[in-house]
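What follows is a pair of complexes built around chain A, which joins chain B in one and chain C in the other.
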Partner chain A sequence: MSLALENKTSTSQNLISLLNSTAEKNTIIGFEQIGEALQYIEASGIPTAKNEEYKYCNTDAILRKEFKQIGNKFSTPATLPSFDAAINVYMINGRFHSVAGAEKGIVISSLEEAAGSSANGALVKEHLAVHALPSSDAFTAINTAYCQNGVFIRIERNTAIQLPVFIHHITQAVETAFINPRTLIVAESGSNCTVVDFYHAAEGANYFSTHTSEIVVKENAHLNHLRIQAEKENAFSVHTIEAVQSADSTYDASTFIFGGNLVRNNHLVRLLGKNIESHLNGLIIGTKNRLIDNHTYIDHAMPNCNSNELYKGVAYDKATIVFNGKIMVRRDAQKTNAYQSSKNILMSDDATVNTKPQLEIYADDVKCSHGTSTGKVDEEALFYLKARGIGDTSARKLLLQAFAQELIDKVEIPALQENILNLFEASLN
Partner chain B sequence: MANEILEEHINSEYKWGFTTDIESDTFKKGLNEEVIRLLSHKKNEPEWMLEYRLKAYRYWLTMKEPDHWAYFQYPRVNFQDISYYSAPKKKPVLNSLDEVDPELLKTFEKLGISLEEQKRLTGVNSNIAVDAVFDSISVKTTFRETLAEKGIIFCSFSEAVQEHPDLIKKYMGMVVPYTDNYYAALNGAVFSDGSFCYIPKGVRCPMELSTYFRINSSGTGQFERTLIVADEESYVSYLEGCTAPQRDENQLHAAVVEIIAHKNAEVKYSTVQNWYPGDKNGVGGIYNFVTKRGLCVGDYSKISWTQVETGSAITWKYPSVILKGDNSVGEFYSVALTNNHQQADTGTKMIHIGKNTKSTIISKGISAGVSNNSYRGLVQIRKGALNARNFSQCDSLLMGDKCGAHTFPYIEIKDKSAVVEHEATTSKIGEDQLFYCNQRGISTEKAIGLIVNGYCREVLNKLPMEFAIEAQKLLAISLEGSVG
Partner chain C sequence: MITIKNLHASVEGKEILKGINLEIKAGEVHAIMGPNGSGKSTLSSVIAGRSDYEVTEGEVLFNGKNLLELAPEDRAREGVFLAFQYPVEIPGVSNINFLKTAINEIREYKGMPNIEAKDFLALVKEKQKLVELDGKLANRSVNEGFSGGEKKRNEIFQMAMLNPVFSILDETDSGLDIDALRIVANGVNKLRSKENAFLVITHYQRLLEYIVPDFVHVLYNGKIVKSGTKELALELEEKGYDDIKKQFELA
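Then we have the complex of A and B:
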């Protein structure tokens, strides 16, 4: 299978024919949506730097290079990583593999199984490919058309799940391949749960991931969503997370990025009821040639909601960090409080930080603000530490840790916090 | 209560909507090479100027009208439905003010810039030298002789083409080449007139220089060009004002302003833009698609833009500064007010290239009625721009719940020694602020005026005195009914 994606004008067409020739048809998403997705890819193509949303992230150039097939085939690895005191879910090459551990009040299964079951079939139909519209983005479209058996999580009404749910994304990249993981999480009213997406480092060939998650947070539910990207240089990814919230709910998301070659996150939150709380946080350490692009979109559609965003980035070497955050306040969303902050530190002369915080406001009785700052490590603080006998390297590390701690502290699982801290320190070396 | 007042101000009308009945010499509508040749011939231009126009026109033909990125919808401009030249019919050369068409003088009097009066008060430092541009041509430049004594050249662009071709050849298109964008290319091809200003080495311009633009004829577009060159160690403060009659058609204004500041020079450019904004149903009004850019070419140079934008149906305008010289400074102060169906998308670009460059951006947006007001800006720190510093603040004020206020800052940093800060807020006039004023016997209407003026103070303070007063009045009229 070696059709090259060389033709300058028709990356998307080549891509479709490639994908069609290698992919098994996905059975969980309706034909209509798949049709819409394929049409969208064909019509809009793969975004280039000319596309405003991908201005700093030229995916077309990357996709033209390689990525030749859908790689869903895998063999179970000898050992699977696992976290203690947690429910461990395994996704291998974007396909649901297994789940270890259980707790009363939470259903975890493959999407295929859920779609076929009498208890959850209706939920899958109601939500899958409904929130993350195939026509919203080329990569969501690819995922919609070619995703294989993803994971389904349902937290039952009025239950608080004690154990965190870890979704381990494991890749066996035997040949340059697309992997299309899919997640649907439904937190029913009054429920409470923590879900962690952990993207493990993989050996071998390059791969491209289009993980698409749909997250439904019902009335008065609380969902804590953590995402840790600890992949290697062979990982290229455009991930889309679409969260929809009902009244009185809380969605608390933190993203930690320590690896990957191209990491693009489209994180969208729609606030569709009153008195909603939404938090989006992110910590990004960019090293080597990495391009890490975080797009967030918070859509305030109803009154009396609060949203808060804090993204911090450290750019080393030739890395590029991009933050593009948009706050939309619709006409009816009076009494909205929306805050956004992006702070970045440049550690090298070749590093780049591009930020684009945006406010789009149609209601008058609101308090909205955004702030962004980019600079270097504070020379005075550095001097203070050095004057006390701390070497330059350790002093810088200490200051960066202080910079990052605020976000790491938000992780409430001690073992995971330690894990993140280790990854953070490793990425600074 | 507050709603009633808002309703009231939304109904306020444009005060400069008169037309002047002057016989004018207007081209047939349409654009092709013939029109450009004719235009050039009419202005008795040298061959090189015509070449420039044709090059720009041919380039323009290869370009596509931009439509996808800006924040609004509007009916497309039909470039063949515009007349590219309209001039008051008059004697070829004016020797004194007496020869100016009296109707024209009346117009300027109505606008509040009485050329006669200016003439009488010669030699006083606080005076303003005015270059008045009426439709396509510059009708009168005052104080030329006084300025010439200092070696300052201040004249219409056409005259400069005739009299100072070397300077024009050297500087025209240096900052905004015709390849820059669609409207700059169009302007390059069909620009009719404008102002040229040259401040020689070491001269501090003793008075404010000013250009007044007026679109009068129907079915015309205005395409003027302003070029300001400040040689080493010089200083100039430049003002620009504009109005247009009330019409139910959309007229296009696509101007280009270029500023060049050499070593240690400082240019302060202030605009009060009050083109006809259309009526309260959004019919008519000027499309203001303008390219303004300054180049700090020498070390320690400074360019400062101050603008009060209250007019135009649509404003697209990003006065920018390229900070090329080391230790150069760029500033941008803006108040943009939109009402009724107006749409404004304005902001700035600060491109840091030299070392130790500094830029400041203060933008205040006020939206009322069903208007949309956006700040769109770029701060770019290029690699090697050591110790660059930028501070940006963009505030928006919403009056009523039918309007929109948006902020789209782009911040691109490629040097680790840069310190860049950006902050933006959106809010409405606080109930508590109004209550505080009411309690002290200040009516709600006056209180809103007080608060809006206070909100804009940071920017209004940057305007030269004469303009600050005009700007305050303008804000008051644009928000009539709510501002005292």
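Then we have the complex of A and C:
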């Protein structure tokens, strides 16, 4: 069934009616939270450019233009990609599909299965839709109200998982689609694991994803979280990642964006204990008319924690790259070290970069810094390379590779690093 | 090999080179000396193809080809090499990857296949010795964190790797202590042959004690005002540039 948006009603009202008529009911999140979410959507609407948080990302206009109709019809991929020496998890068309591979100490299942199991039901109840609050953002609210069966990952106490967990997100829309994938990861105390969210390119109609992840990193746990965005121009997304950390834990996140039409990430990390390490890194290659908007929020609530953020962007053609990084240092968060850096290269006169660091500091004994730079490729370096016989294209490529290298180097899985390097090179026009 | 005829060049509308004439043959080493601001570095930049400089008159022929019509990378591929006065630091690009790319692009230009990995490594090993460059430096990012002397040695190392026919040494001696100067000069001397030529640009005579030129030219106010043999350099060292300045001061 396909319904058309009418211009009289608001974008959010239409979206809700479209979702109500094309999507199944959410069975994993409690009525109260769904009610709260629906109320929030009705009150807040879909963000326009007037909303400060969506100043450069007018989602209302995008939905009106590209998602007037939602058919929510999909096809299933004939073959599933997989990574060697990894546990492969499949989120097909926005919902949990299957897991291939296993290792002792890690539970991977659908959220529905986890919610109904005696071993994990309480954990789901304790965390799902608790950290990513329905009332924090319109798209988180939509996800809360309309998410279907997502993925649940639990890394058990004091276990180091050897195999990385690859979550393959594949969406093959036959008719314009609006999907609401959901992830809950609980890394129990003393555990160690790498989780990779890989958003694959797929042919088909336009689709909009509100993937919402809640990530709980307990005491002394270490979670390495990689996100690779390699979708095509039919992909529109507003993703929210809410990570909450307990004392002595490490959350190490790297986001690589090479594709997608609209890519908006709300990446939030809450440091709720002492001696926490948090790293948020990002490498963004924007081409064509793409809009890539990364909003990060690091919330230092407790003393003696370190956070480090490095986002690098390369904007080609008419692409727009936005970085908005907020660091909150609350009154109790003494001895905080918080660093943030955003570096960007403009490859064309029509490309745009908007960066905005925001520091809000209420503690007096902290070290915080932020830096941002946007410029063209270093002409001196370019001439130096050319003076050695290296042509313009290769020289620029070498310099961009050098620019990106420190972020690509952070990927500790060799095969994935190579994969990222290939995606990176392919994305450089 | 290279013929410079009545070369005029300006930067941001200001004329710096005001008619340079110079002919350098294979097997020769020419030195250009002159006070600060005389146009020495402009000459090297124009030959290498730096875009900030506008050639307003004259020509540069390199083995019969009009060099000024070529892109900087094609000049390098034809065999022109500039040892930079201020080598650029390029964090993230390894010296080795950089040189391999350069060699292969030059080979491609000449219709040759890519260099074999083992031949390349053997070449690196051989040429490193020439300038006593630590093997570790070759694996680091281009010039990043190198001392002044290491940067200049790296320039000569690159020169040795690329084996150009015409090399310009732009104040390669500046900022070098005597030991580094000797190493750099030894490197250059070992590379001298009947087939190649050098243009050594320097402010001081000191370098020319080690790299003995066939000809010395004095550049002043955008023109070559005096030419001679290596004795001219000694004369300049003794008397300084004041005589030249007085003699050729514009009225």
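We adopt the following convention: the second predicted complex is superposed on the first by the 413 of 429 C-alpha atoms of A that agree within 3 Å, B and C clash if a C-alpha of one lies under 4 Å from a C-alpha of the other, contacts with A are read in each partner's own complex, and residues count from 1 in each chain.
Definition applied: contacts are C-beta pairs under 8 Å (C-beta built on N, C-alpha and C of every residue); 3 or more make two chains touch, one makes a residue touch a chain.
All values derive from a computational prediction rather than experimental measurement.
Engineer: Quick check on the superposed pair: does A:349 touch chain B, chain C, both, or neither? Answer first, second, both or neither.
Structural biologist: Only chain B; A:349 stays clear of chain C.
Engineer: So, A:288: does it touch chain B (first), chain C (second), both, or neither?
Structural biologist: So A:288 meets neither chain B nor chain C here.
Engineer: After lining up the shared chain so the two structures overlap, which partner does A:398 touch, if you call chain B first and chain C second: first, second, both or neither?
Structural biologist: Only chain C; A:398 stays clear of chain B.
Engineer: Give one of first, second, both or neither to describe whether A:125 is in contact with chain B, with chain C, with both, or with none.
Structural biologist: neither
Engineer: Between chain B and chain C, which makes contact with more of the residues in chain A?
Structural biologist: In the superposed model, B touches more residues of chain A.
Engineer: Figure out whether A:368 sits in contact with chain B (first) or chain C (second), or with both, or with neither.
Structural biologist: first
Engineer: Show me the residue ranges of chain A that touch chain B in the complex, using the header's touch definition.
Structural biologist: Touching chain B: residues 52, 331, 334, 344, 346-376 of chain A.
Engineer: Looking at the complex, which residues from chain C come into contact with chain A?
Structural biologist: Residue positions touching the partner: 48-51, 71-73, 75-77, 81-82, 84, 87-88, 90-93, 97-99, 101-103, 105-106, 109, 141-142, 158, 162.
Engineer: If we count contacts the way the header does, which residues on chain B are in touch with chain A in the complex?
Structural biologist: Against chain A, the touching part of chain B is residues 68-69, 383, 396, 398-428.
Engineer: If we count contacts the way the header does, which residues on chain A are in touch with chain C in the complex?
Structural biologist: Checking each residue of chain A against chain C gives 378-381, 383-392, 394-395, 398-399, 401-403, 405-406.
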